[in-house]
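Heads up, the next two complexes both have subunit A, just with different partners, subunit B and then subunit C.
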Partner chain A sequence: MNELTNRLKVDFDASEITERKPGLTTLKVAKDKAETLIRELRDREGFTHLNFMTCIDYIEDGIFTLVYMLHNYEQKQTLGIHVDIGRDGEEMVSIHHLWAQAWTYQRELREAYGIRFPGSPRLDEDFVLEGWDQIPPMRREFDTQKFSEERFGHREGRQSEVPRDHMKVTLYPNRGGDEQ
Partner chain B sequence: MIKSLSTEDTLENSGLSAEEQQLFCNARPKAYEPYPIKAVEDFANWARANSLWILAFGTGCGAIELRPLMTARFDANRFGVAGRPTPRQSSVFVIGGYASVKTLKRIIRSYEQMQGPKFVICLGICPVNGGMYFDSYNTINQFDLYLPVDLYITGCMPRPEVLVAGIMELQKKIKQGRCDGANRYVENFDWYKANQKKVIKNWDMPDYNW
Partner chain C sequence: MTQSTGHSASLDFTQPEPVDLSSGKYVKLWQGPQHPGITGNMSLELVLDGDTIIECKTHVGYLHRAFEKLMERRNYIQNFTVVCRIAVPEPTFNEYLYSAAVEELSGIEVPERAIWLRTMNLELMRLASFLMWIGGISGAFGKYTVPNWTLAYRDYVLDLFEEMTGARIYHMYIVPGGVRAGMPEGFEERARAIMDGADKLLDQIERVLFNNVVFKARSKGLGIITPDMVDPYGIVGPNARACGFARDLRKDEPYLAYDQLDFDIVTGNEPDAYGRAYCRLLETRQSINLIRQCLERTPTDGPFQADMPNVLHWKIPPGETYVKAECTRGEYGYYMVSDGSEYVRRVHVRGPSYTHAIAVMERLAVGTNIADIAGLMVSLHTYPPEIER
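== the complex of A and B ==
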């Protein structure tokens, strides 16, 4: 695995190579090199399986981090490819031609985050949210609780406790409020 | 094509295209009229209470409790409970836990296709007040805004024993003639329909008749 990541560092400028645990390594790569890198890993390095692809919203940095998780069955190695893209309407290269199941993930990402993957099949069809008329709900600027109260209403008499505060009172009444 | 006699007492079916509107009837639902003789109505209620056929539509996580209910240990057949694969043959709709908006659309379709008398049991806390999905963007918080509910069985998740107790309670209510959910749906039809259309934004189905 070290040999491979070293080569990726030279060939694709892969950075932030981290071994999270035995058998799971992640690395970061630039947006324009991601598709070539993934294709190379699939065709040459035996990473034949796409575990999943997902997205993390770093609203503070103004970026989405796309995560492509690939698996090599022969070496029992998993490799996570992190790709940063801009948050505002930026597009990403589709990988549905590498793995056919990727278009389902991409359709979901389009619906949940508003990321566009040009050329991906059935991208604009509703996936989970039929008739959605707000900003994509998994973006962190979307206030789900406010939306839920406005759209679905709350039954009177319902009590909600913040688990941390509630446990402080009920489970650890004698402790001070300083520690975690 | 079936048309109701008076024009103001019909449904708009505005979610359908002009071509599809020809395919569906636009009459309003009719309330159930009990038999004029009380003994006959009581007998009918006794019969209804002892042949509860559950629609095999698992709408949430609670549907997993229906499987042990039907098998040997809890054996719901002794209460006359059976599973049916189609809404046309079933009389009880068990809402198994949370209902997302996408599922709610299918729930309404299935409920309206069920023949009367029909009853709705809500399983778990989620249909009552949202439960752990109280702040979710696609899970409804109060099920009784959208369909009338005859019986709530709360808990997260209620075990099959509680479901058996709930079925016995439902039978008791039916025998007393207090399960009037379907009639409430007819009487407050516009209110229910407005609530349903408030959350289901892509309403592309007829308003009542299937």
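== the complex of A and C ==
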């Protein structure tokens, strides 16, 4: 694996190469090199299995981190490719031509985060939400409780309790809130 | 059959051109979301030419409860009530993988006894799930005797769960650091009796269903998955093993106590609905065998829970991991990212149905007779909640 990651560092400027545990390595690559790198891993390095594709919203940094998890059955190695893109209106190169299920992931990411993948089939079809008229719901700024209050009306008990604070009040009121 | 060593570039993933419904030659038919031939609440939008399907689109979302979003707004222990609901017939795999991800990120070592109890619990879950599935495939082809047998017998397995965990469906038994309890007194004897009965039941099912001429005639040749589809479509589990791929995470990347258990990967050479069904029948038998081994070897004393900090003060160190296990449908995985706070930054649940029910289903359905679509769908063994999460 070291040999491969060293080569990816040279050929694709891969950075932040981290062995998370034996058999699982992650690295970061620039947006414009991601598709070529993924294609190379699939065709030449035996990473023929796309475990999944997902996104992490780092709202505080103004970025989405796309994660492509690839697996090599022969070497029993999994490689997580991280690609940072902007949060607002940014597009990403589609990989629907590399795996048959990739367009489904991209359709989901368009609906859940608002990321566009030009050329990806059926991208604008609803995935799990029919007639959704709010901001994409997996973005960190989407407030589920506020949405419920506005859409369905107020209902007692909908608010989340922080268990630690709740227990201070209900279980240990006479100990100054010390639940230890 | 040999293992795939590369990726087939010959497959065309282009979406077909939409059919011209205004021509009056075709009929559009929705199968589901409420339909006995659908696995869970999902629907297939079918276009028919006569009684042959010429276009299929899968629709999900009818059970969407935003599990992944909810997990970002609850602390780690609160998420336990969420994760088990992601795959109703197999909640235990979610409990295990969520716990394993937390343990990996926190560096928690699980005691030996808990490792064995977890292994047994997962295999009992596999048995219960396969019993339900055998009933499903049988019913989908009009054989309604077998579902009565298997669903009734599944309840005996649920009795074991109730005894061990206090619950029949959502057990919340596997928790970070170990499990919530050991085996109750007399459990081993009762479990062995139920395994013996399950063996006999499977003998009867093999005679009644797998030798049945109608079942054979309708399922053989239905929904053929060719080996060159396996990697490009992300096909895993019995769907891949039925066409000869000896891939099983319990053997390939052993977790829990699987490296100490004696079993071989079940493979087949009939990549159709019948072959997949037979592969699952053999895996059900294998599961019974593994449960017996676990009953024999699970330690009866020693801790079943590691020393853990107060759950209200858990802060998982920053990092990310991807943990996976072989569920009844193949690779099931949890990708977890922690930013060091009390709340998980991101959890992505990877379920085999994501590709089996959409990309694979939409391709295999084309050319199938409308009468066989339910059988085809059940033969792929899909659960909608793990798609829409």
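Going forward, the second predicted complex is superposed on the first by the 160 of 180 C-alpha atoms of A that agree within 3 Å, B and C clash if a C-alpha of one lies under 4 Å from a C-alpha of the other, contacts with A are read in each partner's own complex, and residues count from 1 in each chain.
Throughout what follows, a residue touches a chain if its C-beta (ideal position, glycine included) is under 8 Å from a C-beta of that chain, and two chains touch if they have at least 3 such contacts.
Here the structure is a predicted model, which means the values were calculated and not measured.
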Which superposed partner A:G153 touches (first subunit B, second subunit C, both, neither): first
Touching partner for A:H49 - first (subunit B), second (subunit C), both, neither: second
Subunit B versus subunit C as contact partner of A:P137, first or second or both or neither: both
Touched partner set for A:V128, first subunit B, second subunit C, both or neither: both
Larger contact residue set on subunit A - subunit B or subunit C: C
Overlap of subunit C and subunit B interfaces on subunit A (superposed complexes): 126, 128-130, 137, 142, 144, 160
Touching residues on subunit B, where the partner in the complex is subunit A: 100-102, 105, 128-130, 134-142, 145, 198-203
For the subunit C and subunit A complex, residues of the former touching the latter: 3-7, 9, 11, 13-15, 60-61, 64, 66, 68-70, 72-75, 77-78, 104, 231-234, 247, 252-253, 310-313, 319-322, 324, 331, 333, 335, 337, 345-346, 348, 350, 354-355, 358-360, 363, 387-388
Residue ranges of subunit A in contact with subunit C within the complex: 20-21, 23-24, 26, 42-43, 46, 48-52, 54, 56-57, 67, 69, 73-74, 76, 78, 80, 96-97, 99-101, 103-105, 121-122, 126-130, 137-138, 140, 142, 144, 160, 162-164, 167, 179-180
Of subunit A, residues touching subunit B in the complex: 126, 128-134, 137, 142, 144-145, 147-148, 151-155, 158, 160
